[in-house]
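Pasting in a structure now, in structure tokens, and then I'll have a few things to ask.
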Amino acid sequence: MRIALYPGSFDPVTKGHVDVAARAASLFDRLVIGVFDTPPKNLLFTTAERVKLMEEATAHLPNIRVQAYSSLTIEFARRIGAKFIVRGLRMGSDFEREFDMALMNCKMAPSIDTICLMSHAEYQFISSSLLKEAAQGGGDVSVFVPECSAKALLKKLKIKPGKKSTGTKK
Amino acid sequence: MRIALYPGSFDPVTKGHVDVAARAASLFDRLVIGVFDTPPKNLLFTTAERVKLMEEATAHLPNIRVQAYSSLTIEFARRIGAKFIVRGLRMGSDFEREFDMALMNCKMAPSIDTICLMSHAEYQFISSSLLKEAAQGGGDVSVFVPECSAKALLKKLKIKPGKKSTGTKK
Amino acid sequence: MRIALYPGSFDPVTKGHVDVAARAASLFDRLVIGVFDTPPKNLLFTTAERVKLMEEATAHLPNIRVQAYSSLTIEFARRIGAKFIVRGLRMGSDFEREFDMALMNCKMAPSIDTICLMSHAEYQFISSSLLKEAAQGGGDVSVFVPECSAKALLKKLKIKPGKKSTGTKK
Amino acid sequence: MRIALYPGSFDPVTKGHVDVAARAASLFDRLVIGVFDTPPKNLLFTTAERVKLMEEATAHLPNIRVQAYSSLTIEFARRIGAKFIVRGLRMGSDFEREFDMALMNCKMAPSIDTICLMSHAEYQFISSSLLKEAAQGGGDVSVFVPECSAKALLKKLKIKPGKKSTGTKK
Amino acid sequence: MRIALYPGSFDPVTKGHVDVAARAASLFDRLVIGVFDTPPKNLLFTTAERVKLMEEATAHLPNIRVQAYSSLTIEFARRIGAKFIVRGLRMGSDFEREFDMALMNCKMAPSIDTICLMSHAEYQFISSSLLKEAAQGGGDVSVFVPECSAKALLKKLKIKPGKKSTGTKK
Amino acid sequence: MRIALYPGSFDPVTKGHVDVAARAASLFDRLVIGVFDTPPKNLLFTTAERVKLMEEATAHLPNIRVQAYSSLTIEFARRIGAKFIVRGLRMGSDFEREFDMALMNCKMAPSIDTICLMSHAEYQFISSSLLKEAAQGGGDVSVFVPECSAKALLKKLKIKPGKKSTGTKK
């Protein structure tokens, strides 16, 4: 059975993430979406919230499981029996960092391979960080995220109204 | 009447910024330079100081107005009636982020277009962050900035003499 | 006598750094490795530790001296009589920032030239920041660093055991 | 009156070209689309055909004129009184060549400025050369080009049926 | 059953190609290596030779079949029932063209997905074109290619001895 | 004695080439400028002409010798005793190809190192191919090339007057 890990922060899950997950789900027998459990200093949502949003957004995909993890990504892959790590590539992503990561992982865990899926044209320019800046500035980002993320953003940003006037820089 | 917005942090204004502003001013009937009013944690100058320096540096250009703003950039553009957002492109700038921003803005505000001007050769390699590192390390950066910025940097860095010995990293 | 400066944070020294140092040492009569003495907020090792590790890692190279500095890099180069600054280029490095730095330095100190050495294939994908993330997550990074760095990382990360569970993000 | 030149080979005109032309037409008082009259060794359509297709594709835009030219682009701009040259930027385009061209033109004709419009998301990945490869291989490219280009491609490739089996390389 | 197509010119097959093929073979149930049957003007080997070399180089992989094709790549994928196209990504490859191709294919054949595998560190810098330049200049390239390719290059270049003195440009 | 090779086509020599040569001459004891003797199908000047123009343009530099060569670059380096190959890097150059070449050479000739000098700001955007296009279109390119090249271009393009009306494409 081919098991793959799709790791990320998913803060929150976007339509681009769901697209990559759906395509990876059709490529592998089982896909584990690993939500990285990191201290939330630069994140908007807690780990539990990010896991819950991802579960909602991928509920229609049968062979997917969402799971938080806090170890090294390749360690988590080993533990769940995943021989493949899935990454979504956007033109706007940092190729060099992707290569550094993939090749460092390959040195440390040669039996785990990195598989890249190119984001489809309509999701190429959805950057999570810009999206949060826009939402915090009061922009309507519902076109970029699943419905559950859109609602969660609205709710979260009401809770922190001081951030509402921040706007996007540059 | 064609109105454009040239947004940025301008911390402080460089010769490259003035060049882009002057060229944009000849392209549009009116140009509003939007100084983004952001909490100054990573900035050297206050919003009021950055507005004042930009006003001095562009005083010779008749159809320019400098204004601080704190909302989403596309909201500010709408409010001032600007149908165009102007960006200066340097080889050393982050194209991917520029594309992400332009295309996200385009989705959220289809009636506002992004216009890019390529920095001229002599301004291509003026990065605001490196420039501040150099000035803080005691370097003479007067060749890269208008006279008002050069004076303001000297004065500001005397006020914070502890920073003078920081130098440039790497 | 041709003297060159190889500046950096070296937090800690990697096999890639040693390779660049060795090649630069064969190109110049004397090579000073400048360890930038910066406040350690984002660094793992103190300046003294970074100097000591670099000295150990380059002990076999006769014409190398390791020295901490806190001034502007071009000022330090002038003070030690270096007419050349050496930089290692990785595919994964930030070319634009390298160009910005080299060309800004060239404007401020025309008599000092920047020399780039391309990292060899086996060191191309060693990024210091990813390496520290991996080590903090419990990964074995001894294949990427000299023995002294590997030992120092183990020791340092025992002292800060809270960081051990952080893992690599994304 | 602000006149701009939008130069290119347009072999044949794509939806991306029409989009850039329409946006430039709203930015300037008059837009001249310059079809470069080059020996057709690497081109599919003659200069006359490319002019005619562009005229059809932009017939709905009032302030546009299509014109062939064979001189240096900046000479043609001067002759028609254009102070601006318009370029469409795709993520997939060659930024470095664009910069080289813009900055060389700027040295040779300082009074003419280059204005870049970023292609909208749906046109970002339309490359003329890939499109022709696909059409020649029998692919349906009508989603990427205006109707007139689609028809012309079908007709042209019937005339050269030997090319139909070429396919896309790589 | 998951079938994938790995298309290319393979002129001749390199160790990097074999590595990508082996990894793709472990990811899919069946892998068809499609050798593009193109007029040999810029190629060193005929289509038949390129197929034979690829067959030799991948003889140890059970679920691989090598086949020439001359139609559009997505047409060939459809004909053989492949739902996936595999591409090897090198840092030195042309990302923009890869994205253009993947996204154009995705528009024309939405049911076929493109999967990218990053070349391993030791194969990152093997460019087929440079390799042929080096071989034609008399360089020993056996470290970059399988034994069958090395032999074929030697034989082929003896047949065309006039090319032997060409060397690598730049 | 440290000997270096600065190889290229130099068709014709530009101010950027002379700048790199002068800086390399101060870095090494002797610099050999290798003019690659390639069939002139894509070149404007013959090998003899290119050697002569380079000799004129670097006549003021004492430790430089200009020499044509037709073998593999690393073979030529070995023959003249050069342990270093010098390359000029422009932002507008093809980094990936530079890396591929340097790392392939390093595999085939480990004892020869590649040294990169970043072009100075004023020479960053001088591309030989664009320059020839501009000259052929009748543009005045004397600001980009040494006097000898400017004269040679004028003379050469008079001989081929048919090319004068070609202009720059795109």
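Each chain gets a letter, A, B, C, D, E and F, in the order it is written, and its residues are counted from 1.
Keep this in mind: a contact is a pair of C-beta atoms (placed from the backbone, for glycine too) under 8 Å apart; a residue touches a chain by one contact, two chains touch by 3 or more.
Computed from a prediction, not measured in an experiment: that's the story for all the values here.
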{"item": "Least hop count linking subunit A to subunit E through chains in contact", "value": "1"}
{"item": "Equivalent of C-F within the choices C-E, A-C or A-E, defined by over half of its residue contact pairs recurring", "value": "A-E"}
{"item": "Distance between the centres, which are taken as Cα means, of subunit D and subunit C, whole angstrom", "value": "47"}
{"item": "Centre-to-centre distance between subunit F and subunit D (centres being mean Cα positions), rounded to whole Å", "value": "32"}
{"item": "CA centroid of subunit A to CA centroid of subunit D, Å", "value": "38"}
{"item": "Set of subunit A residues in contact with two or more other chains", "value": "91-92, 96, 99, 103, 107, 121, 124-125"}
{"item": "All touching chain pairs, where touch follows the definition stated at the start", "value": "A-B, A-C, A-D, A-E, B-C, B-D, B-F, C-E, C-F, D-E, D-F, E-F"}
{"item": "Touching residues (chain side subunit E, partner subunit C) in the complex", "value": "91-92, 121-122, 124-125"}
{"item": "Subunit D to subunit E touching residues, read off their complex", "value": "91-94, 124-127, 130-131, 134, 137-141, 143-144, 165-170"}
{"item": "Subunit E - residues contacting subunit A, complex", "value": "2, 23, 26-27, 84, 89, 91, 95-96, 98-99, 102-103, 106-107, 113-118, 120-121, 124"}
{"item": "Residues of subunit A touching subunit C in the complex", "value": "7-9, 36, 38-39, 69-76, 96-97, 99-101, 103-104, 107-108"}
